[in-house]
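Across the two complexes that follow, chain A remains constant while its partner is chain B and subsequently chain C.
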Partner chain A sequence: MEYFLEQTVNGLAVGSIYALIAVGYSMVYSILYLINFAHGDVIMFGAFVALTLVGMAFPVAAVILLACCAGALLGIIVERIAYRPVREANRVVPMISALGAGLVLAATAQLIWGPEVLPFPQLLPRGLVDVAGIGVPIQSLIILAVALVLVAGATILLYRTPIGLAAQCVCQDLYAARLMGIPVNSVIVAIYAAGGFLGVAGGILFAMYFNAIFIQMGLLATTKAWAAAMLGGVGNFQGAFLGGILLGLAEVASVALVGSAYKDGVSLVIIVLVLLLRPNGLFGARLAERS
Partner chain B sequence: MNTTSSRRSKFLGYGALVGILSFGLAVPFGSVSAQEDPIKIAIAAPMTGNSAAFGQNAERGAEMAVEAINAAGGINGRMIEYDIFDDRGVPREAASVANAIAAEADEYFAVLGHINSSATLAGMPIYNEVGIPVINASSSNPTITEQGWENFIRMTIRGDYGAQQYSAYAINNLGRKKLGIVFVNNDFGRALRDDMMRAVEVLPAEVVAEAGFTPGVDKDFSAVITEFKNAGVDAVMLNTEYTEGGLFVGQAANLGLTDIAVVGPDTLLYDSFLDLSQGAAEGANILAAYDPYAENALTTSFMSSFQERYDTLPSQVAVFTHDLFYLLKAAIEEEGATRDTLIDTIKGMNFQGAGGQYAWDEKGDVKDRTFAVIEVTGDGFKSTGLSVDEDGLEVLR
Partner chain C sequence: MLDFLHSRRGAAVFLVILAVIPLLDPGRYWLHVINVTMIYALVSLGQNIITGWCGMLTLGQAAFFGLGAYTSALLSLTFGLPFIVCFFAAGIMASIVGALLSLPCLRVRTDFLSLITIAFNQLFFVVANNWMSLTRGPMGLPQVPRIEFFGFAAWSATDHYYVFLVIVALAYFAVSRITGGATGRAWEMIRDDEVAARAVGVDVVRYKVLAFAVGCFLAGCAGSLFAHYLRLVSPDMFLLEESLIAMQMAILGGLASLPGAALGAFLMIAIPEALRSSEPWLITLRPGIGGALLVILMIWRPHGLLSRRNTAPQSLRALSAWLRRGIGLDRAPRSPAERDRDNLR
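For the complex of A and B:
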């Protein structure tokens, strides 16, 4: 039982990191229906910025905030350079330009920070706290809390603020929204910025939890975010969050039940099964009804 | 009858005369050429392709040894020369390289190579056919010596014996009973795990948990660590590269898996392992094919001059290649080995090189040689001077 709970905590910790990354990814998709292939690389870049800031002896809170803002800025730049010019083109075009933007980011990061796996400084204390008789890693608890707070914040942003409502309108009909006087370009920029912000927060947690930061982290993050979003229902904001958590739990379950060698295989099988049985993802029904 | 016999004796006489003449002619020419002809060695190694870093290390080891030996007058006055043949680390290429060397077999005193076991396996039948001796640095596949070649010796500890030593160290030296094995999930990693398990069975101890992972992809070991903790693992056998090894140890500290022994191979012998573990690697035991921190003059002078020249630590390939040239020198100068007797001579030798003490068994494997134990301390790696206690492994040999 204790073992089961400990593994669940592991799954939740990894899952909430995936969830944060997936949410930023899904945000862009749910508004624009564009797959943001540069998302993972924005995250990786932001996490490296955090690494550099730590090296410059900034306080922890400032490091995280500044790095997340750098992520937001990168999101905006990617939107401006790789998306806006081709927004009206065939949907494949922005996908390709995003891939290109991701490659440029990855190559730039490699030029600056090198191709090696680097240690990521421990910004949070190591060790266990006792929760109802189970030793729970402090880091996992903080990760869980940070993820919940950020996703709650993003939900409020998207559903309770003027800019969120404007984003909903853009999502329903971009042209009608523009005719109604909604500053479409600013709204889209805000969405990309929010996606980058959340993503980098996830990226920093990711680097901290694994003790490591590396260039391929971008690709890894995109893959996990994509899998989580598919699992939860593509384009469904809350679904992506739950999908991320589920993906983390599925990975841990496959290690505990089948063996670590089959981790990726088992979690991908789960995703394939979900998509076979529920092509819109576990929480994607609403979207299907609407469209 | 008489005439016949006299004819025969005359004939024999002429024969003897011709023989003496040719001998008389051959000796001066022969000795002149012996003084001037270099001893040529064919090095077969991957200079391009995925294993190119090994080839580079072999070249550096050779470069350092040959320059030093030649500067000191060569081997019995003969200079050493070597030609490098690029096998790209691929068996197919290794076979064609072997054929190229075999075609000029008389040119070369010996073949030094290959690096990758699969390449050595591909080359051996070809070298054997032309009878050229093969001295090998780092191919550890047990099959090579089990095939019974009589023209082969190697410097590295064969893979299965090495794997058994990891287990033996945790069980015999450290007194651990519940092992958790982490291994790379490919054929190499699985073979290593199987050999470690075999040793665990005879030593009596238990493997209570094991975990394979995909190299370069898996970075999250939290679920594995929790599993290890739950299984009561008291020694982690960390058969990984330094990246995954560092991550594993660091994450284990985060999850409260402490007070366990960590035993790993020399792929962990990099500063990155220490950096990535963020202090959690302290106390880890690394079993290395040679002891780079050994405090004997041969090792320290080689290590420092190598580092000075190439600004990096030599890998085992560099050390073993370097030592092979000195072994060659010792075999020829001190034991009077010729090309034909080289391998048998070496098998009877006891040789001290930069990589430690070497002796060989009938198959051409090193004997009485175990991994060197290196400990991670607060400020880096430190030699313990220990060797692995192989008690109980005899039944597997």
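For the complex of A and C:
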């Protein structure tokens, strides 16, 4: 029983990390209906920036904030270079240019920080707190809290602020939004920046939780984040959050049942099952498909 | 120039040049580089069918390549089956798995195919790395038998060269027949306008799955050749990075273009391999350089270098005008014909 509860707490912590990354994806996808393949590499790059800042002895809060801002900046650059010039082209074209931008980011990171798997410093206090007789790691609780706050912030940003409303207009009809005087380009830039900010937050927590940071981290996080986003219904923030938590729990359960080797396969199984059974996700509303 | 490359005469000239190369005795190393390039030209062709003709961005061709390699190696090591049988079994295995994998997402939303293939590639690596009793995990499968059929056994680099040349030439010929016919037209229509294709009665899902099956078949066959040529199969040969390189090959060379598929393999495999000893940084930076080229290409020539779907400049004057417009020197309005063509893309 104790083991079961401990594992559940672990699952919740991992799950909320996936949720943060998934919300970043979901945000960008829900505006332009494009899978942002550069997002994973933006996350990886941001986490490496955090690693460098830690090495320069910045305080923890400044490290996280600055790295997240670097992620936002990268998101903006990617949008400007790889998306805006090809926004009008065939749908495959922006996906390819985003992949290309991601590969450039990965190669740059490899040049700067090298191809090895590096350890990531523990920025959060470790230790156990006693909750109803079970030792719960403080780190997991902090991760869960941070994820909840950031996802709530993103939801408020999208549903309660002028820029969020503008983003919803752009999502429904880009041309009509432009005719109504909405600065479409600035709104899209803001959404990419917000996505990068959230994603890097998730990326830092990911690197810290697994105590490892490496170049391929971005693509690994991509599949997991997408499994989470699809489980919850793409474009639905609360759904993506719950989807992330469910994925984390499912992974922990699979480790307990079949061993840790096949943990990374859980996300593939989930993507396939969701596509077969509930294409709009567990919590997703039905959306008409855009041509 | 582009028309010549895509013509039957261009293909014949190219084939003759390739057939003559070993007679000039370039040395084993160069033949090896071309051999590997030819194997990847098959992968690139498969990717090009899926991405170029049918417009689906798949990012897991290395997994199907690996599936073919493992199928072929295991069949010949465990059951001692002849090469020919293993070769086709590898292709068919990859093709069946590919079709089964693509079916759920093609029924829903093609975008998700990219994600599912990434996930499948990662899963393939995990399984190949951990299923010790079958794949021997990270140790790989050594001593895969040589290529042998009808009493002919390939020993030297030259032997392999001609075997690969014949197989690759046959594959390119077969694909040119498929894409030149009704199937190819259906694929291109789905790529350009799916709704219109459905409206005129094209069975969209069936053709998409067919494109995926054919593309994976070619990747599987290439995997079989790779396994019997290097005589070793190990999981780290089929990482996701390889899939990304396959995708870059197909796109950089030219979408929906047979010479483009070959050119892509040349750019991404032959050049870095040839410069491996003198310029080792090229291999490490290959994905990044390719990625930068992809971004530039998507903005200036979204269909790849050798594709005939670009409004390709046919003369030097047109080329210079096109370059000036590309870098923003020349803001002169385009002719109405040009504009129409761009809008139709």
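Just so we're on the same page, the second predicted complex is superposed on the first by the 276 of 291 C-alpha atoms of A that agree within 3 Å, B and C clash if a C-alpha of one lies under 4 Å from a C-alpha of the other, contacts with A are read in each partner's own complex, and residues count from 1 in each chain.
The definition used in the following text is that contacts are C-beta pairs under 8 Å (C-beta built on N, C-alpha and C of every residue); 3 or more make two chains touch, one makes a residue touch a chain.
What you are looking at is a predicted structure, and each value in this text was computed from that prediction instead of being measured.
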{"item": "Partner chain in contact with A:Ile35 - chain B first, chain C second, else both or neither", "value": "second"}
{"item": "Contacts of A:Glu6 with chain B and chain C, given as first, second, both or neither", "value": "first"}
{"item": "Which superposed partner A:Phe58 touches (first chain B, second chain C, both, neither)", "value": "neither"}
{"item": "Which superposed partner A:Asp264 touches (first chain B, second chain C, both, neither)", "value": "both"}
{"item": "Most chain A residues touched (candidates chain B, chain C)", "value": "C"}
{"item": "Partner chain(s) touched by A:Ala256 [first = chain B, second = chain C, both, neither]", "value": "first"}
{"item": "Partner chain(s) touched by A:Ala82 [first = chain B, second = chain C, both, neither]", "value": "second"}
{"item": "Residues of chain A that lie at the interface with chain B and also at the interface with chain C", "value": "216, 220, 261, 264"}
{"item": "Interface residues, chain C side, partner chain A - complex", "value": "51, 55-57, 59, 101, 104-105, 107-109, 111-112, 114-116, 118-120, 122-123, 126-127, 129-130, 191-192, 194-195, 240, 244, 247-248, 251, 284-285, 287-295, 298-299, 302, 345"}
{"item": "Chain A partner contacts - residues on chain B that touch it in the complex", "value": "185, 210-214, 216-220, 222-224, 226-227, 229-230, 243, 246-247, 250-251, 253-256, 272, 275-278"}
{"item": "List of chain A residues in touch with chain B within their complex", "value": "2-3, 6-7, 10-11, 13-14, 116-119, 121-122, 126-128, 135, 137, 139, 209-212, 216, 220, 251-252, 255-256, 259-261, 263-264"}
{"item": "Partner chain C, residues of chain A touching it in the complex", "value": "33, 35, 37, 81-82, 85-86, 89-97, 99-104, 106-108, 110-111, 115, 216, 219-220, 222-223, 226-227, 230, 261-262, 264-265, 267-268, 271-272, 275-276, 279, 289, 291"}
